[in-house]
Amino acid sequence: MLHTETTPPSPVKLSAVAGPGQPEPTPALEQLYRGFEQEMLVPLWTEIGGLMPAHPKSQALPHLWRWDHLLKLADEAGRIVPVGRGGERRAIALANPALGGRPFATPTLWAAIQYLMPGEDAPEHRHSQHAFRFVVEGEGVWTVVNGDSVRMSRGDFLPQGGWNWHAHHNAADKPMAWIDGLDIPFAYYTESQFFEHGRLHLDAHERIQPRFSRSERLWAHPGLRPVAHPEPTAATPLLAYRWVDTDRALSEQLALEAEGYAATVSPGHAAVRYTNPTNGRDVLPTIRCEMHRIQSGAATQPRREVGSAVFQVFDGQGQVTVGDKQWQVRRGDMFVVPSWQPFTARCDADQPQLDLFRFADTPIFEAVNAYRTETP
Amino acid sequence: MLHTETTPPSPVKLSAVAGPGQPEPTPALEQLYRGFEQEMLVPLWTEIGGLMPAHPKSQALPHLWRWDHLLKLADEAGRIVPVGRGGERRAIALANPALGGRPFATPTLWAAIQYLMPGEDAPEHRHSQHAFRFVVEGEGVWTVVNGDSVRMSRGDFLPQGGWNWHAHHNAADKPMAWIDGLDIPFAYYTESQFFEHGRLHLDAHERIQPRFSRSERLWAHPGLRPVAHPEPTAATPLLAYRWVDTDRALSEQLALEAEGYAATVSPGHAAVRYTNPTNGRDVLPTIRCEMHRIQSGAATQPRREVGSAVFQVFDGQGQVTVGDKQWQVRRGDMFVVPSWQPFTARCDADQPQLDLFRFADTPIFEAVNAYRTETP
Amino acid sequence: MLHTETTPPSPVKLSAVAGPGQPEPTPALEQLYRGFEQEMLVPLWTEIGGLMPAHPKSQALPHLWRWDHLLKLADEAGRIVPVGRGGERRAIALANPALGGRPFATPTLWAAIQYLMPGEDAPEHRHSQHAFRFVVEGEGVWTVVNGDSVRMSRGDFLPQGGWNWHAHHNAADKPMAWIDGLDIPFAYYTESQFFEHGRLHLDAHERIQPRFSRSERLWAHPGLRPVAHPEPTAATPLLAYRWVDTDRALSEQLALEAEGYAATVSPGHAAVRYTNPTNGRDVLPTIRCEMHRIQSGAATQPRREVGSAVFQVFDGQGQVTVGDKQWQVRRGDMFVVPSWQPFTARCDADQPQLDLFRFADTPIFEAVNAYRTETP
Amino acid sequence: MLHTETTPPSPVKLSAVAGPGQPEPTPALEQLYRGFEQEMLVPLWTEIGGLMPAHPKSQALPHLWRWDHLLKLADEAGRIVPVGRGGERRAIALANPALGGRPFATPTLWAAIQYLMPGEDAPEHRHSQHAFRFVVEGEGVWTVVNGDSVRMSRGDFLPQGGWNWHAHHNAADKPMAWIDGLDIPFAYYTESQFFEHGRLHLDAHERIQPRFSRSERLWAHPGLRPVAHPEPTAATPLLAYRWVDTDRALSEQLALEAEGYAATVSPGHAAVRYTNPTNGRDVLPTIRCEMHRIQSGAATQPRREVGSAVFQVFDGQGQVTVGDKQWQVRRGDMFVVPSWQPFTARCDADQPQLDLFRFADTPIFEAVNAYRTETP
């Protein structure tokens, strides 16, 4: 088990540094620093460069995980790692190389591949962390949220606000993989998480496989809301955003652009944001989720912003640039864009389009008035 | 200089653990874990206990810093550490014993004693981090915010939203100490900080020592706002909250309680929150600041909440309990209440009152719908 | 032309009244009242009963307009009244019998039947009043809003926030009727209206007849919004809410109820509210619009609320009760529910369902904290 | 008693009018109009000029009421009109000459002089209409709001949100006059009012005459709010805004302007808005209240806005221009500025200042996105 860095307290270790505004390294200074260490104190003047840089200098690194590698390891785990109470989920998380070996894709975001064998159940639990599932390929698993069975198929996005009971069951005769996104690192650093176990297995009547969940039947009607539910909710009540809708929305943006109307983010770059129909805001209070489509040969405008993002290639092939890294990507590949690192994606000319699923911690920064963005 | 833990990437280190839901420690598992390590992956099932506890289990520890120790070290620093460009401030931060020697009082909050010698200037700069100053004793320093000179005297609270230019100058013939609070750790973990240097020295006409800043003359009138400034702002435009007002507000709450009216938090426990007059909300988007008064012999109700807080004793003596720690405290002492740790304070029977200045990261959790509180 | 009640000023006319708290009708009182009249003053004590009743006592009366009468008169108007600049629209408004002959269905709402002959244009204009169209039957007219052509077919709801250019053209070989709803009386009483003429005729390229407007192609995707349009807008950007969606949403609510889940307003009574996808709130800042479906033999729960509403029967037959009035209604019939008058609707047992389109001034009262509702 | 214009329904009366877009006055048209009348219908084409003008053309007229006339009549009423249950208040309302003799200063606002004789009680009641009192001169009356006694003295502003119990008692040996402002006309036209009688007389312990109300002791501390009351409220919890604070705020704005800083609305024109400390917004959900100070010889910038306002001269003398009216005004004079009528005020050169209390219906228009303003 990682990071059990708790007791005894790590003593402060101070030494004089050279530079503008720094005190002379004299014996008196040494004595002062020993005093600081004893009293658990650290001066600003030696730390200010790391703590207060001119702009975000992310510790997190741009990094790419290949889908075929992820899938192969998940498949092996499927054979030798059980799913059940205690471990809870057969989920394997991306660990940013610069975050101390912790299972954190970025300082705020968790991203994992989850894998369920035919007939398996992932036990019911709930947690305060906000979560979603996104399906890059496959089908056959149903997620049951507060007793509502939600189908998972390629291209579907399933958000789930904190503190809702949920379990999964694989009703098919094949394994299925998908990705999970959560705000686990944010809750971890800010020490704000709650968790509760539910039932080990679902009831028989919950193992149904309806085409549409009850949440969709109530909420997935454009611009219409049930009069019986008039109040806004912090997270979306809609538990599935289907690919057919997302695909059509992206296609229409590009078609409108072709007809001469403003609809896309920039030429050849369409994008939709998944939103909470009760308030039009982000689908989860801490996570912004979007699907981007880049037309053949087109590219997104370079852009950097406060906060981090994780992408998964949903379809097509292309080239992405994150800071000083550049990768050729294809279906399922996942990569991280750290805070304030410039990002661009380009669709290969021989591909019809490049579809990128994206999630980011932007709502946190917008909520505390700390969001900035820039086109370099 | 601390925490230069960046490159090369810390490799993931995994080993099988025993417990419910854990896989058998077989050679196949070992091989799987080596594969995870190579691909920068970490499974949930070994980590879930640390990442998803039943409730916040703070790494941060309750800890107490004695004011006389802080002051003595600050005074020594005053003699041997210069204030100027590069170091920027003679500020000495509280380092929570369980946060790796970093200058973080809690996972989100910075708390420091700052010290300025007679005639000294702290150079102008601005940063996206939100900040405040609180004066437990002394006077003679003026903070100049965007050219507006703000007096600092005992009991005064000086908030300052992110990205405002500010400098300090000590106009007196004695040193002065005060405390600074900022959201530096929050900005550090979430990688969202900006910083810019300003002028090294103030202009002569800014070295005036007005009794009231222009911000007070515009904004410190109860329930009245300038018609020329009709829009809400993210942080308060009022740069000083004077002790005379705070003291009267607390006294009136206790007097109203004595007359039989609901005004206090609980019997013998009065409290005011510093607020932004443009929207009635917290004075800073990320930091809640309050002054609490506990009557002779009275105590606060035990309470725990999501998020962390730092206290400074402003006046009186008493006993505080934080989790399993208990301290007898007096003027200037500072202590930390980590997330979800129960807190109580009691005023000694031979003291007229115990006044506690408190700041906390609550607005962050309220903004993302993650705040909870409980009376154990 | 009506209500030219402006100059000269109507003199105040006062006379003593009998009742509790009233002064004796003495010569001194008469002299006082003559003084009031001369100075344009009116005492509270004679007026309080009318001005400050225990609860809203609407001047407006419950009233029913039969669709066949409306249609017949509109058709006659189609033959003899031109459509063009100056008159602007061939719209015929419901005049509540108790509102002085003004074209006001209620004190705040305008409701009219509009009629356009084959090939006719209604000229372009814009106004600050918020508006919508609802189509109870027919097709063939396109409304062009800021150059975007919007088809009008049975069951479609077309909202349009204030100050957007709009025109209509009938592209079919038959006349078409529909209803208009606006907040004209509210703007009239509060004296807050603006109006501007646009072009007399549309450009040729605007006379297209697309199945879906550009607004729908951008916005009519459940829970998805264009990333290029991230800000909330006061009125909905979606210009058509199609019957196929509304019908399905209502059917699903009743199906969910039949399966045992909470989805309807009350047993057998489904309802959806048309909302602005950018904020989840009412489609227009001053007008709430909804479609209600009452199952065969079922009835709505009696209810009264602050503010007035207008209904049109979209389909089916049933009995409605408004205050002390009761009517048997069928397709197209329109009726008014004044403020605080109890309302119930019942679907006839031999009808599959009763569908009622409803619009109300509720957002005004919610915005100023004056909304109340009650189940008698 | 006025306006009992309810039953029987006023029949619609239509006749052909000449003008652009109007139908020929033929027998067929006459027959059509008779059909409209019979069916309670009114065409848009004859009404559009009055209903949809290019900009607000207020029916309400600019009008001035002299304070000495008001006071003289109020004093006479004090001798012959009782105060008690039924009549409720000895309040005499300004009746705009163009609003049909109704006691409406503007289409949305009620303004009255209220008068209480020594020792008199005005009985307790509550109503949904929002209200305030403003004291141009005199003292000795206490308003008791939900049992909290609030002193009334020259320059004090006492707001009171809807549905709070309140009574008055004159504890002095002289009569006292003040003005009341309410949203009675708005509630009347929109039919949204509730009213309830309370006790005829106050309890003895409520007849105290404290210098400061409990509400002030809790809430009148700049930027400080009781931690025990963390939620925003629709109307202000602060029941008195004292002249000493208002005067100082205005003086400081002019002093800051003289020192070269932006603080005033325009040169020589200072203004404060009374606000709700729980949210920084208007003190009442429907009424904006402000105090304006114009320096000797200075004038406000001409301005017009959607919605109506009522002014009372608090101090000084000057000239005000409202639309095409111009008056020389002095202490206590009251006047009306109808919607979209340009307004300017100028302080006489031989006066130190002109202080104008102002209230307006702006919050209603801001709430429904209908507010506009313009500098002609």
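When the chains are written out, they are named A, B, C and D in that same order, and each has its own residue count from 1.
Just so it is clear, a contact is a pair of C-beta atoms (placed from the backbone, for glycine too) under 8 Å apart; a residue touches a chain by one contact, two chains touch by 3 or more.
These numbers come from a predicted model, not from an experiment.
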item	value
Neighbouring chains shared between chain B and chain C, ordered by label	A, D
Chain centre separation in whole Å, for chain B relative to chain A (CA means)	29
Distance between the centres, which are taken as Cα means, of chain D and chain A, whole angstrom	53
Length of the line joining the C-alpha centres of chain A and chain C, rounded to whole Å	44
Residue list for chain A, restricted to those that touch at least two other chains	none
Chain-level touch network, classified as line, ring, star, complete or other	ring
Every chain pair meeting the contact rule	A-B, A-C, B-D, C-D
Of chain B, residues touching chain D in the complex	214, 217-228, 230, 232, 236, 238, 241, 245-246, 248-249, 252-253, 255-256, 261-265, 271-280, 283, 290, 292
Chain C - residues contacting chain D, complex	1-7, 9-13, 17, 19-24, 26, 28-29, 32, 35-36, 39-61, 63, 65, 69-70, 73, 76-77, 79-103, 107-108, 112, 127-129, 162, 184, 186-196, 234-235, 285-286, 306-308, 338-340, 361, 363-365, 367-370, 372
